[in-house]
Amino acid sequence: MGSEDRGLGFFKDIGLSSNNIGSFIDGKWKANGSSTTSLNPSNNQAIAQVTEPTLQDYEEGLNACNEAAKIWMTVPAPKRGEIVRQIGEALRAKLEPLGKLVALEMGKILPEGIGEVQEIIDMCDYAVGLSRQLNGQIIPSERPDHVMLETWNPLGIVGVITAFNFPCAVLGWNACIALVCGNCVVWKGAPTTPLITIAVTKLVAEVLAKNNLPGAIFTSFCGGAEIGQAIAKDTRIPLVSFTGSTKVGLAVQKIVNERFGKCLLELSGNNAIIVMDDADIKLAFVHESIYKDVLDQLVEVYKQVKIGDPLEKGTLVGPLHTRSSVENFKNGISTIKSQGGKILTGGSIVESEGNFVQPTIVEISPNAAVVKEELFGPVLYVMKFQTLEEAIILNNSVPQGLSSSIFTRRPEAIFKWIGPRGSDCGIVNVNIPTNGAEIGGAFGGEKATGGGREAGSDSWKQYMRRSTCTINYGSELPLAQGINFG
Amino acid sequence: MGSEDRGLGFFKDIGLSSNNIGSFIDGKWKANGSSTTSLNPSNNQAIAQVTEPTLQDYEEGLNACNEAAKIWMTVPAPKRGEIVRQIGEALRAKLEPLGKLVALEMGKILPEGIGEVQEIIDMCDYAVGLSRQLNGQIIPSERPDHVMLETWNPLGIVGVITAFNFPCAVLGWNACIALVCGNCVVWKGAPTTPLITIAVTKLVAEVLAKNNLPGAIFTSFCGGAEIGQAIAKDTRIPLVSFTGSTKVGLAVQKIVNERFGKCLLELSGNNAIIVMDDADIKLAFVHESIYKDVLDQLVEVYKQVKIGDPLEKGTLVGPLHTRSSVENFKNGISTIKSQGGKILTGGSIVESEGNFVQPTIVEISPNAAVVKEELFGPVLYVMKFQTLEEAIILNNSVPQGLSSSIFTRRPEAIFKWIGPRGSDCGIVNVNIPTNGAEIGGAFGGEKATGGGREAGSDSWKQYMRRSTCTINYGSELPLAQGINFG
Amino acid sequence: MGSEDRGLGFFKDIGLSSNNIGSFIDGKWKANGSSTTSLNPSNNQAIAQVTEPTLQDYEEGLNACNEAAKIWMTVPAPKRGEIVRQIGEALRAKLEPLGKLVALEMGKILPEGIGEVQEIIDMCDYAVGLSRQLNGQIIPSERPDHVMLETWNPLGIVGVITAFNFPCAVLGWNACIALVCGNCVVWKGAPTTPLITIAVTKLVAEVLAKNNLPGAIFTSFCGGAEIGQAIAKDTRIPLVSFTGSTKVGLAVQKIVNERFGKCLLELSGNNAIIVMDDADIKLAFVHESIYKDVLDQLVEVYKQVKIGDPLEKGTLVGPLHTRSSVENFKNGISTIKSQGGKILTGGSIVESEGNFVQPTIVEISPNAAVVKEELFGPVLYVMKFQTLEEAIILNNSVPQGLSSSIFTRRPEAIFKWIGPRGSDCGIVNVNIPTNGAEIGGAFGGEKATGGGREAGSDSWKQYMRRSTCTINYGSELPLAQGINFG
Amino acid sequence: MGSEDRGLGFFKDIGLSSNNIGSFIDGKWKANGSSTTSLNPSNNQAIAQVTEPTLQDYEEGLNACNEAAKIWMTVPAPKRGEIVRQIGEALRAKLEPLGKLVALEMGKILPEGIGEVQEIIDMCDYAVGLSRQLNGQIIPSERPDHVMLETWNPLGIVGVITAFNFPCAVLGWNACIALVCGNCVVWKGAPTTPLITIAVTKLVAEVLAKNNLPGAIFTSFCGGAEIGQAIAKDTRIPLVSFTGSTKVGLAVQKIVNERFGKCLLELSGNNAIIVMDDADIKLAFVHESIYKDVLDQLVEVYKQVKIGDPLEKGTLVGPLHTRSSVENFKNGISTIKSQGGKILTGGSIVESEGNFVQPTIVEISPNAAVVKEELFGPVLYVMKFQTLEEAIILNNSVPQGLSSSIFTRRPEAIFKWIGPRGSDCGIVNVNIPTNGAEIGGAFGGEKATGGGREAGSDSWKQYMRRSTCTINYGSELPLAQGINFG
């Protein structure tokens, strides 16, 4: 059955077919490894085949990338911005089919799939402006006829390893900034979302070609741990941006640090929402005085949520990404129960060909060990607290430090929450849930979440090399700190 | 013989005596470990005794420090700045005796000893201003009735592990900034410079006491690897600033990362000076056309340099810090010779009670393995080059990336040197040597030097926790990236 | 004769015809004043007719604009950025015909005409990024439970009065920034370039309409002093950005200040180029040692320059903009002669239907009064100097402070030139002429040039209202400076 | 009777006597004008005599200052910071007697007098840090082998004209920043507070002398409009910082602008406090639902406030500054009555030798013309409102735009108040009154208040000259905007 027959008519709009080559090396599509199948999480049927690269392909790609780096880093930054602008335009023209592909291959619902692509486009627009603002500083020197400069230069190559849950937005956060900063990008997408990796790379490749720039500026690989490890070990890659679990992230960091490289880590999260007694809206630490009310409403809502095909209008919860995620969910639920958790709604697998599970609300003690782990699935733990201080201690007691939120209308609670003794997360929201970060801010988390920051604010500095330069343009050699020999 | 008889009359000005307690714990001087002797590197005679802390002392210190952190972080930043200002005044009043102590115990010449103390004072002055400029940001949100904030909050406790070569300036870089940022400081000085650690701590302690603040805000330990390791492992210390060798630094980083802490590393350097053919002054990659001239002059100068007691006027080269440094020097010279290096001057140990060695010039091929290592001693390698490109490749070929310098009068050479394809070091100087950094800039190096940045510019951000906060102050819940369900 | 017969086929691409309405009011093209003729400076023949607005039209426009301001200022800044992005796309699609129009109506050569339009496009791209970076600050308060914020809010309406010499780029500098900052724009173009004003406005209007936004967000008027004065006096316009002569600028500033408004002034320039004896390239204070050589070459080049139709390939000098500019040139030349100036080449009017004059080189004493005035025409004064100090004094001795340049290869000269005792201009170049500013920097000049800064850097702050907010979120009322009553 | 007998024993601590010379010119105390008497506002008796300078003295002072400027601007900024640090130390040592002098001569109560001196000290501390942070920028150029710099250089001389109400703090805001920025300062204090001007100048003068710097770096004049006008007209003074009434400020601005100078204006204020119905504390637009309650309490408090000698402990309201202020108060009260205002408490002059008046509460319609004027005296207008929108319109309806405050506990009210449609003032407070600004923020107001910003944030930029420098360090001359001739 052809791809159009299976509703994949949009495939050709984005350069995909039933058989695809899974790596873009030195400006060419080329892969000599084994073939892998991309599965639809809604029914576990094959979407298309992808040939993965070998380590030799990797090596060839990196050699070319390393050469391209010498060219790209000397292209003036605003000219690099112009290339990123064109990438944004190319994505904008394919927003709809790319969004569909994300929904299809990853399993998130269509509005979120389109939202992810839109996020790369937003990042492109943002990076264009930034390309004229990668500013160093001129710092007054304490010595006459001297000037101090703080300069920012490209690193050379940035490795980007992304995960299935945000199969393209995270590439956007990293690649748009890395590129305007003068770096080549080596991307390894998630092994289970190869089509997204290929489709996005194709658009970037076309823009590079149209501008007569080496394709190797953007080098991309479908593949798994083998390629990931090659990136981690590669001394040609001064910075590796890794998104994934805390466990794997720590291992990557160790390898990269040993060769004096740097990491930008976006690891596990475990995000709390605190609902104060004066909150307008109801969402999962809940003040005891409103606990019952909030819970009743939540359970009601969860029961009505439509689960199903993410491409279908009205669906609010799509499938989990893989069979093994379903397994994890199942194990998680039984751990929850064994630790005293009470399932208020959901908790079961939805019988179907796909990877569907019920959105689940669990009443549980904050002391249960399971609540300190990241459980990748639609499970909401609900816990009671009495004071804000207590709720903050609960929030900060998990090893992860990604996102957190409070619902309250009291300025003292808001400022306490965002202050020195408040939430210790990287994302600290007020009256909105823990998701939905905007690109103008820096995205990332503390503690076991890894400490990296991506997208806006001064995140770009991580993609550049800082030097402090003192220039003596006079004819004498005075020393700092007033040192005077003799 | 009393300390005054041995020229140590200044000891009592800075609170030292012949027997000293080597840790400041919970605002008290208290140590239950073994006694160690501080030696004068000029004659290897005892200066004074110091009792070191035990791990139990450490634990007591950290418990108190952890409590103090809760107080200190809520003191308004400009009030913290006022405390740091008073510390600066206290140091200023003791500049002379402290400078002498540095020369005596570390072995560097007096002007440099005083320069080091002056550097802490400068850091205090700088940090006072900074205490009103630890600014977060208000970032425009894409959603109506929302605001995004980027906030900076204290980390809690900052561990500072310093090395013998800068026994107090590096504390100044870290502690002044860490304190105004709202962190308590846990300092472990070098095991061979305990008196400096004690003397500086005493001044800080007095200021805290005078202001009725917990002494535990500044907790300090003399001691060695045991205490260092305790700091590295301590989950109460989110940031460890470590100065020392690449080898030890990497090990510290591994331990700290495993517990999700962060490191600020200032590791080994290996610093090159490039002398172009148009340079006004002569210094140690040398353009071949001027190579002979430069070398002849250098050798002449090196031969005349006065080696001796660092406290004596006119001395330009003091002793190495310890006997084992002398041993390292000796081994280094024989390695150099075995790799084809030619000793043009120096190369020998000066026979004496102290740790004196001759300043040494070595003519050597850039391919010799020894030039890629940090050799802690007064050895200058001289190498020829033909083009600036070649000199930069040599400069960048060592694993370390601390400091580097070029002497030239050509703007094109200057900007190439500080640009994307120039020096890959953290410090990139022009027409001044590789030392002498000013505090207004960020100090530190890349690659095996560890990537940390201390003192000025935005180094303070490393001592704080960044959060991106989105506040919804309206009554609706719009989503980012224009996502619209249904 | 139809417009196409006169080579105006491109007119319809940009919404122009032989009769045009010269004001865009409340989203409608509407003008009740007299008709004016746009002339081609190459032959002084009519290009097209334009009906100008009356003061009543102005009033209607401003009323609508004032209402629109209330809406536009509450649109989130990144959404405003999206509108400006679309404006950029609209201009990009019409780059060629708009560039032609600039060449035709203003008289500058085609590459410069296209360059001017490209500059607005670049500004749009830049402003899109900026729309997520109009950041306020969170400043640490000295009082517990207090926070200080520095916020930036829109002004409401920004008036932009532009001059004939940059009939659209200057609009771009101002409007792109003003719009993302949340301001409506009221534009009055130069009276002699009404077609450019209309064509650019049409593109903006379409984008606003397509997005269902009030057209009055961008209100534009062709017209002269009457409309200009209305803007200057209008209390609804907190900021007036004016480009023109120092004389008129001062008058505008007086009127605006009297009503407590602010001005952003880009007034007369009078730009010097210093050629040092070590300069690689030859351009007009010239070091005496190379004076004769430089002058001979310059005269030779000036004689060969092709004068003619700005739309014709190969032309390097187009006509002056109007007949009266030719008259000014003529008077200027005779003043020059009467003050001892010696015409080395050029100095005459080119007999033709158009406003052509010869590019002119004058040897003259720096003491001649005429060199301190802005002479709007292709006249290069050449003067000798002996030392850099002397050349800087000459450069700084004119009342204007727009642009200046030095040609040298000596770092000490470069840093002296850009340092405290160097050029006192807003633009201080090295080894490039005095023109050609990039949008990433702030454009503008000091002294009689008015002190305004447009385009990049932090110029956006001028288009916003800064507030310093102290928020007490605790329950007590401490005072600053430690004041304690009683 | 000697000064000690009159309780002026502290005079000699700060270099004052019964006869004082009122100008510091070229490092010398020298004045040839007439003698003036400083009066104690509490009893209108003479405190001491001061000889004022003539215009010839002024000229001599400015000539010396102009020469000193050439030296001072080339002293490295951190070294200038060290001088300002020493000025801070000198003031700190005299905090008590200087504070007393402010209370005595100006009439404000002692804690506020000391607070004012403390504010200069705080400014000194702040400026020291700033002296290493007067950073320019390195901006990426769109052209290869080019770099763009934004540099900040000293202006030369800054004129500071201060008013009686803040006779020394405002000098501190301006002079501390102006000095570290590399400018000489020419200060004219208020004609009625000459002793404060002299005492502060003496401390600065001593520091300059101790450091072997020209005294003319700080040039100061007691005196009135004649000296003020001389400053305004003086082309040697590129920036005049003026504090005073809107009327005089506008006149000064006009003069300064005509000679292409710049003004930094701190003019009249007229500050509103909005008390919302949910406010915790009670202070002068009051929500109607709590209006009666708030008013009753306010009237009660006002009646109990202790009026009297500002040096006496317990006094909360000192005298007005001069007899003419009392006259203004009297006229103001009668205007208020004639416009329908109802005096709820106070309203009368206190019969005494001094300039005492009663703190006054007036119930009045917002439409009364008098409420739009600055009435320099302790008069509180109380008005009712129904909605926040209405209160903001009232707040914004006065010509002045200095300070404003809201008391509320609702986040939506807070963010509306500080947002685009909120208060149009420079100071926008929440839950604190309209006074008590901290130096870390920028102080100043919009509209008739003049638009200047002093003290913290980026206020320093106003005291420097910005240049955008493009440096071509390559060997070709590309043009911006991709212009390509031929």
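Going in written order, the chains are labelled A, B, C and D, and every chain counts its residues from 1.
As a convention for this text, a residue touches a chain if its C-beta (ideal position, glycine included) is under 8 Å from a C-beta of that chain, and two chains touch if they have at least 3 such contacts.
Small disclaimer: the values here were computed from a predicted structure and weren't measured.
Steps from subunit A to subunit C, minimised over paths through touching chains, total 1.
For subunit D, the chain whose average C-alpha position is most distant is A.
Of all residue numbers used where subunit A meets subunit D, over half belong to both copies. The two sides are thus made of the same residues.
Averaging Cα coordinates per chain places subunit A and subunit D 49 Å apart. Averaging C-alpha coordinates per chain places the centre of subunit A 35 Å away from that of subunit B. Here the CA centre of subunit B is 42 Å from the CA centre of subunit D.
Across the assembly, subunit C contributes residues 74, 78, 132-133, 137, 139-143, 146, 149-151, 411, 414, 438, 440, 456, 471, 473, 475 that each touch 2 or more other chains.
Within the complex, the subunit C residues that touch subunit A are 78, 81, 85, 125-130, 132-133, 145, 147, 411-412, 414-415, 438-440, 456, 471, 473-475. Subunit B meets subunit C in the complex at residues 74-79, 131-144, 146, 149-151, 409-411, 414.
Residue ranges of subunit B in contact with subunit A, taken from their complex: 70, 73-74, 109, 111-112, 114-116, 118-119, 122, 137, 139-143, 146, 148-151, 153-154, 182, 250, 253-254, 257-258, 260, 262, 280-281, 313-314, 316, 399, 414, 418-433, 436-438, 440-443, 446-448, 451, 453, 456-458, 465-473, 475, 477, 479-486.
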